[in-house]
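Mind having a look at this structure? Questions to follow.
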Amino acid sequence: MTSALELVNLRKSFGQTEIIRGVDLSIPKGERHAIIGPNGAGKSTLFNLITGRFPQTAGVVELNGQDLAGKAPYEINRLGLSRSFQITNIFPMMTVFENVRCSLLWSRGYKYSFWNLVARSNDLTEAADAILEQINLTARRELPAGVLSYAEQRALEIGITIAGGANVIMLDEPTAGMSHSETDYIVELIRKVTENKTLVMVEHDMGVVFGLADRISVLVYGEIIATGAPEEVRANPRVQEAYLGAAMEAH
Amino acid sequence: MRKSTKLGLSAALAMAISATAGFAENIKIAFIDPLSGPFATTGTNGLAEWNFAAEELVNKQGGVLGGQNFEIVEFDNKMSGKESLVQLQVAIDAGIRFIAQGNSSGIAGAITEAVNKHNRRNPGDRVLFINYSAVDPALTNDNCNFWHFRFDANADIKMDALTDVMAKDDGIKKVYLIGQDYSFGKAVAAAAVRDLGNKRPDVEIVGNELHPIGKVKDFTPYARKIVASGANAVITGNWGSDMVGLGKAIIEAGFDGPIYTYYAASNGITRTFGEAGKGTINLVAEGALNPPASDRMAAYVTAFEAKYPDHDITQSRIANAVEMLAKAIDAAGTADDVVKVAYALEGMEHESIWGGKLFMRPQDHQMIQNVHIQEHTNENIEFPLDNSEFGLRAVSTVEMAAMDSPTTCKMDKP
Amino acid sequence: MSNASTNSRILFGQPVSVLLPWIIAAIILLILPVFLGSRSQLTILSQMGITIVFALAYNMLLGQGGMLSFGHAVYMGLGSFMCLHVMNATWFGALPLPLLPLIGGFFGLIFAFIIGSFSTRKAGTVFAMISLGIGELFAALVLIVTVFFGGEEGISGYRDEGLPFFGIEFISNLEVYYLISIWMFVAVVLMYLFSRTPVGRMANAVRDNPERAEFLGYSARWVRFASFTVSGFFCGVAGGLSAILFEIATETDLNVTASGAILLITFLGGVGFFWGPIIGAIVFTLLATVLGLQTHLWELYLGVVFVGVVMFFPAGLSGIIMSHVPALKTGKLGTLVMPYITCVLPGVIGGLGIAALVEMSFHVRSGAADEHEMTLFWIDFSTHNVLPWVVPLVIAVVGVGLAVRNAPAFKAAWDNASTLPEAA
Amino acid sequence: MDLFFVNIIDGLVFGLLLFMLSSGLTLIFSMMGVLNFAHASFYMLGAYFAYQISTVIGLGFIGGLIVAPIIVGVAGAAIERYGLRRVHQYGHVPELIFTFGLALLVQEVVKFFWGQNQIAYFEPEWLNFALFSIGQNTIEAYKVFMILISMLIFGGLLYILTKTRIGMIIQAALTYPKTVEALGHNVPMVFMGVFGVGTALAGVAGVIAGPALGTFPGMAFTLGSIVFVTIVVGGLGSLRGALAASLLIGWITTFAAAYNFEFRTILLAFGLEEPANIWDSGLRDLWTLTLPQIGPILPYILMVAILVFRPHGLMGKREV
């Protein structure tokens, strides 16, 4: 059985500086995997490499056994990978409902059609409403997404990300900038919506990471220094030395 | 009193003045030309001349048909063909039977075509098109029709007169042709090549080129070419800022031969050329202000300058058109049946206020008249232009220019 | 259009509330000639209809796709020229005139397809500048390629040489009005429906956030390209209608000024609502045609109004109208009447006073030397008396002063009317 | 060969004139992201103000050259402060449309106050003589004066941008507009200043170009879009790019106007046969086409090509 995501010797340089210095990582299907690491370790860059936002300098990214080299974000998305962003990235002038509905269009086969009317497609409306229900935004259905609260926008972002039914979900710091209660709410949400899917997330909040992840990879200076179950990683002396110690103290 | 009237909102949309022709005392002439936008200067100037001519030459003389006055109704076509057609439609709906337009041969072409269609489709309210300034020869040749009358000398006639004069000047050996890249510019160049070839085969045409209209920011490179070509005369049909830019650049580049032009006067152009243009700028046109042809004409111009200090009489044919239209309406005995008026205009002979005879050639409705070559100078100028000391002075005259010139016009007459 | 979640009656499978505006519009189009039936009025109405199609097609890019085009008249103009060439072709006699706009649309689509294939790669400034370059290029080509464009005179033809359509030859302006109205209605419906299709919806998404749209499986470039091509089609239809109405196409149809005008119209009407450009087209045509008959300074006023709208009401006229909806919903629209009378009305009157002063000084400067009489707002007076200057001055000062003084009260009333009372 | 040198000089004059406009515009564009459509309108205002000051008020040409740009700059800063900044919150498209409307409005206002005609704004007497001549072509002293003024401005601008603190901030803002704000500089103030200076530069260009190219209400329109072309071709945020592109376009348009190259030469070289009766041929426009006919649209072709193949322009650091 192929893994959901397979990174082989992945490298990325900006000019002279090598940010990602040979990452090897294999994430099996159905796993919840967290990538942690100190600031500037290259987590977001790694994310952007996987999702096709940047081209890699060297190495291979495989999604369900398929090489992603040279593919544009929309092509990668069509292969079943969906992501969220560190900075909220929604369609602010469209309604909440429209936001979700747009994210359903491609996967439901509507593609570039201009002979279907979206309002007439009951399957779209029902699916979008179901997702709104899942992310608890039904009451906000007709509001422009730009006026939602921060936590609601983050929830909507997750809704958009999972709506297309991708089997690999990548979340970039889903709880950044949230209060404790909001974080708890989002963690529950993530747990709920990624049921039976592969989840890859970057996260700073160790509580979230250890509560949610099946396995954790630690990225330091563009290299993965440890991968394993939360307890293994916590016990790994290199990790403690490089990163966790300080982070745990601060916690 | 106001002679120039504007149609109100009601007129345009609520049709308040529909079919007022029945009880109107005045005979209305629709003036359709640019009154806003970049070309408004020529438009407003023409409007002033129309208003003045109607007042002085018709209304103050007792009107036509025993006391009806001319009234000029202004329509702003914004120099757009389509807008002109809309305004034409409004004018026709307002019961106006005479359409005057002059700026741009392209628009004149659109109007003459629209008038032709309208008259064919609506025999009940036909109109006449008085073209007072558009000089594209096609309008009285291939594109002629019975409803169109041209009071200006067309580009070919002017060139014919100009080359008559140039042919006598042995100093001219090399001529440079330059013009705007559109129908009129091309017509001027073609006529110059043809006429010079006929009259002075020894004259060499050292340059014949077109530049984009209204797009050239700096004319210096053109001027350099002209100087380098060794030309001793330049012919151009340029107008507006293209004329000023070209003329100034040529003079500044050190050229001292004559520049023969069609439209290098008034509207700020004369003042801009000033001293530099003296002895260089020449212009070919019907009607000349200097020297005055008669006391009557001098009084007319003086009165105009007093009334419109910011305008000059640059389109003397407007006075001709007004006088001849009045005469034709009187002769036809009606201002409503334009067919009769048109037949009265055809072949009409008239003594122009500017001196000389006028003859509306029946074959093509092209006015035949005296054409003058005039120089830009400040000597012996009785009527200067642009409130400067400079003006135009006739130096030679071609009588009844191109009287027997051929025409390709085939007219369907009702 | 509102989402019909209420249990209203159903017609043609649609709630009546959704169809009602369309039905009303159709009835208005049908009976308008009864009231405005002269040839010129019909011509102006037809012109309005063409502008509506063009403006809506333009708004597919500007409002719905977030693409600012400075050369969009090219597609309408080319459609127009193509249709005139068809009208001059020998086989035109076999073509019913009502089908002609389809040909215009087809060519608009083809040209948009070609140009869009490289210009829609990027949105924003790149797209805007390419469109400007293309616009300038075609405007220049019109005068150079005389074989096709006919130079300055353009190309003209006869609409009544087509195959009679159920006996109609389209000679009279009324027949042409109905032809254009029907085409306009169909085009508007189609454009509205387009905005409801998946690709139309994604155009909004790409406008808002192209990157996010890419991560939803859509290529932003393809979405833009699709909108651009469809917009080109409707521009071409507008061009075809224009060919029918005016029977002529000239350089002024596709030069940069024409492209600028449609931007002005669309923005004036408001890009945020589907029907905004319709308002813009109606208002602009009226301003240009009617105000143009009233004053030589209409462009000055248009400039002031335009800059004012961009500065204070960026959502355009439709935005102003729709900003009353919250007050309507709270049921407090009535409370705005007095503030309107005390603030907006004096402001408008003051503005007219200023306009009167402008008109008078213009008249003094550019009128004939002995002509002191002028007419403004149906009042005759002499510009050489003092009183006619004092009156508008006082009106302007008092009007604007009142407006400024009462502005805070207006704003307070507005805010009060637009918000529901806090739940206690 | 004489003609070639003359054209080099003429192209230089026009190119430097373009640079005075494009340098200000590229600063404004790069920092604020505003494609200022009204930039050429400030150029026109410069010419008209200079006419008013030098001729009507009687301060002479130098008086106009000094005072007019200052007024234009102040007017520009005021428009930034009270107009553009207000519109800025709505986004880039309304901003652009605002400047578009402003350009229309300025043109109408100019027409209202100074009329439609070309006004009598001329070179000063003391510069109105032929300095030297190449072949039969004379070079006016005023042209050389224009070159000197432009060089002076370029030098001054270069000094300010590279040697002063404010220049450093501006340079940083050109490349990283967001970072400068993060560093705590008063960005609105910098914006207003840059807008004022940029428009003042356009004003200077107007003052010295008015007498040479004519002062009339359409002067902004004829030059307006070509200035955009210049900064897009030159590349965003690059003053040197703006200079290179200005000179390039200056020379392109000059040389295209100067040489009557005919396209039939190319067609014949391809072995095509010229139609016997050219005026009946469907391709007559192609056969009779000459370079000067298309000269003024060459910059647009260049721009479209640049945008399609090299979106960051000749020397730009980031995409348009």
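Note that the chains take the letters A, B, C and D in the order they are written out, and that residue 1 is the start of every chain.
Everything below uses one rule, namely that contacts are C-beta pairs under 8 Å (C-beta built on N, C-alpha and C of every residue); 3 or more make two chains touch, one makes a residue touch a chain.
All of these numbers come straight from a predicted model, not from anything done at the bench.
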item: Winner on C-beta contact pairs when C-D is weighed against B-C; value: B-C
item: Chain of greatest Cα-centre distance to chain B; value: A
item: Rounded Å distance between chain C and chain D, as computed from the means of their C-alpha atoms; value: 32
item: Mean-CA-position distance for chain C and chain B (Å); value: 36
item: Chain A and chain C: spacing of chain centres that average the CA atoms, whole Å; value: 44
item: Centre-of-Cα separation between chain D and chain A, whole angstrom; value: 48
item: Chain C: positions in contact with at least two other chains; value: 140, 144, 297, 299, 366
item: In chain D, residues with contacts to at least two other chains; value: 111, 115, 293-294, 296-297
item: Interchain pairs in contact, sorted by label; value: A-C, B-C, B-D, C-D
item: Touching residues (chain side chain B, partner chain C) in the complex; value: 1-2, 6-9, 11-15, 18, 35-37, 40, 44, 48, 51, 75-76, 78-83, 85-86, 89-90, 92-94, 104-106, 109-110, 113-114, 117, 121, 136, 138, 181-184, 186, 212-213, 215, 306-310
item: Chain B contact footprint on chain D (complex, rising order); value: 2-3, 6-7, 10-11, 13-14, 111, 115-120, 122, 130, 133, 135-138, 140, 212-214, 216-219, 221-223, 226, 253-255, 257-258, 260, 290, 292-297
item: Residue ranges of chain C in contact with chain A within the complex; value: 3, 193-194, 196-202, 204-205, 207-209, 211-220, 222-223, 226, 230
item: For the chain B and chain D complex, residues of the former touching the latter; value: 38, 40-41, 44, 181, 207, 209-212, 214-218, 220-222, 224-225, 227-228, 230, 241, 244-245, 248, 252-254, 267-269, 271-272, 310
item: Residue ranges of chain A in contact with chain C within the complex; value: 51, 53, 72-74, 77-78, 82-83, 85, 89-94, 98, 101-103, 105-107, 110-119, 142, 160, 164
